[in-house]
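Scroll down for the structure; my scribbles are underneath it.
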Amino acid sequence: MNNLLKGKKGIIFGALDENSIAWKVALKAKEQGAEFILSNAPVALRLGKINELAEACSTEVIPADATSIEDLEALFDKAMSKYGQLDFVLHSIGMSPNVRKNKAYTELNYDWFLKTLDISALSFHKVLQVAYQKDALKEWSSVVALTYIAAQRTFPGYNDMAEAKATLESIARSFGYHYGTKKKVRVNTISQSPTMTTAGSGVKGFDVFYDYADKLSPLGNASSDSCADFTIALFSDLTRMVTMQNLFHDGGFSSIGMTEAFMTE
Amino acid sequence: MNNLLKGKKGIIFGALDENSIAWKVALKAKEQGAEFILSNAPVALRLGKINELAEACSTEVIPADATSIEDLEALFDKAMSKYGQLDFVLHSIGMSPNVRKNKAYTELNYDWFLKTLDISALSFHKVLQVAYQKDALKEWSSVVALTYIAAQRTFPGYNDMAEAKATLESIARSFGYHYGTKKKVRVNTISQSPTMTTAGSGVKGFDVFYDYADKLSPLGNASSDSCADFTIALFSDLTRMVTMQNLFHDGGFSSIGMTEAFMTE
Amino acid sequence: MNNLLKGKKGIIFGALDENSIAWKVALKAKEQGAEFILSNAPVALRLGKINELAEACSTEVIPADATSIEDLEALFDKAMSKYGQLDFVLHSIGMSPNVRKNKAYTELNYDWFLKTLDISALSFHKVLQVAYQKDALKEWSSVVALTYIAAQRTFPGYNDMAEAKATLESIARSFGYHYGTKKKVRVNTISQSPTMTTAGSGVKGFDVFYDYADKLSPLGNASSDSCADFTIALFSDLTRMVTMQNLFHDGGFSSIGMTEAFMTE
Amino acid sequence: MNNLLKGKKGIIFGALDENSIAWKVALKAKEQGAEFILSNAPVALRLGKINELAEACSTEVIPADATSIEDLEALFDKAMSKYGQLDFVLHSIGMSPNVRKNKAYTELNYDWFLKTLDISALSFHKVLQVAYQKDALKEWSSVVALTYIAAQRTFPGYNDMAEAKATLESIARSFGYHYGTKKKVRVNTISQSPTMTTAGSGVKGFDVFYDYADKLSPLGNASSDSCADFTIALFSDLTRMVTMQNLFHDGGFSSIGMTEAFMTE
């Protein structure tokens, strides 16, 4: 390996099982020399196998509900008492009760809509605000959240997660300004291809959708492994001046209008 | 006048006083032959002079809290009993408790953040969902919401309204897909220059900000009068195939990197 | 009609036959009270039926090769001697020798590539530069060019016209800055749905492509008639503060990621 | 170093002297284990000190006018006879006669405008087309060109280079589609901060412009050194699924509307 993250410390949110992008990021960050704490919601911990991952990475899991300031404060306190200031954070958190319960976009439950926003977007602001107030991040550290192109274009099945991702990307820009100006911390989002995670594949019609994107992308859909590689690049010192950006990691999908594969079938 | 809205009926949300963009839209819609109901939050009705406007437009005011489904249902019921199906809706609603109380973006109160989103963005979804479920809009009718470029780029003083506007614009796209597919209703946002409304000018540092944008825009800042003109164009049949768009009405500001005015001073 | 262009004078480039967008713009501009000169390349005049259109609009045709400064100067001189300063210009000009001769994008002839750029994009700069130097446009006049979303996303059949449209849109921004700052002239592009013009329908695979866009657009493809309506709105005083913009007039296509129509077939 | 490019071979266009971004890329690519040929126009070779760089990198310089297919074919033939198929190409080439001769954007010389496009944009297509036809690039190889945000927003001093960069970025998308589909080659552009290169600093008013961007960017302007780091990341296997993208490497400039630094002065 390349020691790209040698000596770097961080927190990785959102690893559930071996299909999670955060799971792959953890493995690759470890390979590149990083140390980190794994975190996920208490309920996710019961359902997933994150302890296996912790073992493989010689680290520990600290549960935290990312919508709870108290949980996040406790998490950052523990991380800082272990590592001092941190170098990177991954936010891979998203959930929509409206999607789960199959509410149509034209029949949304608004308490759930606010919950979608709180869990999937405001949680990112909370992570950043807690880190900012605790001065938990070193200069030039890197914060990354995962997003999807539904923030720019409509994919009906994505439902109110479209708004959550639009909010998330806006938070990356807004907080990126404040944290960059004050501490040279960079904040970006990776807009990833549809990915066969345990969460993703639960969405109705996900297969058709996955195949459509795969066919439309010149390089095919980006895998969770390659997404983890790209995340490593963003955590490394090679990308210190990239901030407040939404970076498409999608095999070219976002720049495609139509392909010959569609025209000739 | 040009009779561009002759025979068209609608609802205009958000007129407070003669500085409001919605106020100007009402006057111009009237001139162009439209009939409409004015609506605003009960509290805004007490503070403003919307009854003067109603008189000038020979219409009535129906108070509605745009975050309340019940209020919106009652409003649409009354509008439909008066006019039948409608042709246009203007959403000019926004408020951030965090801005009001001078909370820094790095010290947000999260209950208030959710309130900002509910009032300034989810209210737009609620208006659309109520209209959609009541089948309140004719084919080819036009729905417009007002937004600001802080949804794309960071303006520190705009605070969590940046996220609200990003959410609002996403709702325009998402609902525009559903309503367009089902009923050929179009949904767009106008991204307007900073405007000297009673609400806008209350924001800290608004003057500096207004002048900066004015200086950077080749045509200067767009006035509320010209914004009303543009809104009329979007309500008219001249723009029937424009949907799911965010349209910059800003004297060119959004396409400027730098101007000679800045370079030579 | 609405007298939206009453008293306004202009030049309309690019009407060939009744399928041309420029043809429809001419008819609707006439209806709205405008007077204008029609212009097209000498070769296009021989192939088309523009004289019929001139008759219907009680005007004349002045041939001009829009890549020739001399021709453009003569045209603007005649127009100004007839009308004085002008209020609007439509640029609907595009041609790619590489597309015509079926050269693949990976086997371009570079002399032809430069010709594509000169005819389809630099011609727009030439029109603007001649107008600017002759002070041919009134304050607040409106210049519009037609473009296509291939400037943002790849549509293989569009070939080097993608680069021509990217250049054209950049010229609208750049010249819009200069002309706006000096004379409050606004310059925009309309990014129109694929249109069954005589030129468009000659492109290989155009039918499949047209149907794909039509199916993906919530309102369907925008017709040339509705494009003419939108152009009238941009020529009118309703849009005086819109400049340096690329405006999608496409039934929502540009904001669509995927539709249920595709997912369920 | 991290051996990120161990065993990789390439061509680097555009190193002139130690202020060139391409110069820094060469040094860092060498450090990371790559081998490559340096190329520049014959005239640039006379003016610069590229032979020093070649020595430092234990490699050779092969002159090529990047607008000449013959020169490019000879260059790729030599490179392939030395290395076999290649893994990366850097295009850092741009020149505008109109800028050089201080022609205003409203008084352009059109032969020079075409020259600007040919040198600064079509050269990139020529490099790609020659590589494509010779099958010179391995699967998953990476092609990068340097660009500037003037392709999206107007910076008056940038003149017709705005159109050149818009064309360049369009070529990256278009060719990225073809090369990606056929050979999984990725093609991207890096949109870099204003940089104190020998070329850049020759532009009129560059200092004011540089300072403006520096002040507006939360992390300050990105240096040529950090741009080289980012280029290495794009050449490496960490970014294999990123293609057809324009990536801002600018300290956040592109996402800024206004900063407190401007508001408080």
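Letters A, B, C and D name the chains as they come in the text, with residue numbers starting at 1 for each one.
As a convention for this text, a residue touches a chain if its C-beta (ideal position, glycine included) is under 8 Å from a C-beta of that chain, and two chains touch if they have at least 3 such contacts.
Just so we're clear, the structure is a prediction, and the values are computed from it rather than from any experiment.
Peer 1: Chains in contact with chain C and with chain D: which ones?
Peer 2: A, B
Peer 1: Indicate the lowest number of steps between chain B and chain C, counting one step per move to a touching chain.
Peer 2: Each step joins two touching chains, and the minimum needed here is 1.
Peer 1: Please compute the C-alpha centroid of chain B, do the same for chain D, then give the distance between them in whole Å.
Peer 2: Spacing between the chain centres: roughly 42 Å.
Peer 1: Distance between chain A and chain B based on Cα centroids, please, to the nearest Å.
Peer 2: 32
Peer 1: Would you mind listing the residues of chain D that make contact with two or more other chains?
Peer 2: In chain D, the residues touching two or more other chains are 153-154, 156, 173, 176-177, 244, 255-256, 259-260.
Peer 1: Touching residues of chain B toward chain D in the complex: what are they?
Peer 2: Touching chain D from chain B are residues 149-150, 152-157, 205, 208-209, 212-213, 255-260, 262-263.
Peer 1: Tell me, which parts of chain A touch chain B in their complex?
Peer 2: Touching chain B from chain A are residues 69, 105-108, 110, 113-114, 117-118, 121-122, 125-126, 129, 132-133, 151, 153-154, 156, 160, 162-163, 166-167, 169-171, 173-179, 244.
Peer 1: Along chain C, where are the residues that touch chain B in the complex?
Peer 2: Residue list for chain C touching chain B: 2-4, 173, 176-177, 180-181, 184, 186, 193, 218-219, 222-223, 226-227, 229-230, 232-233, 236-245, 247-252, 254-256, 259-261.
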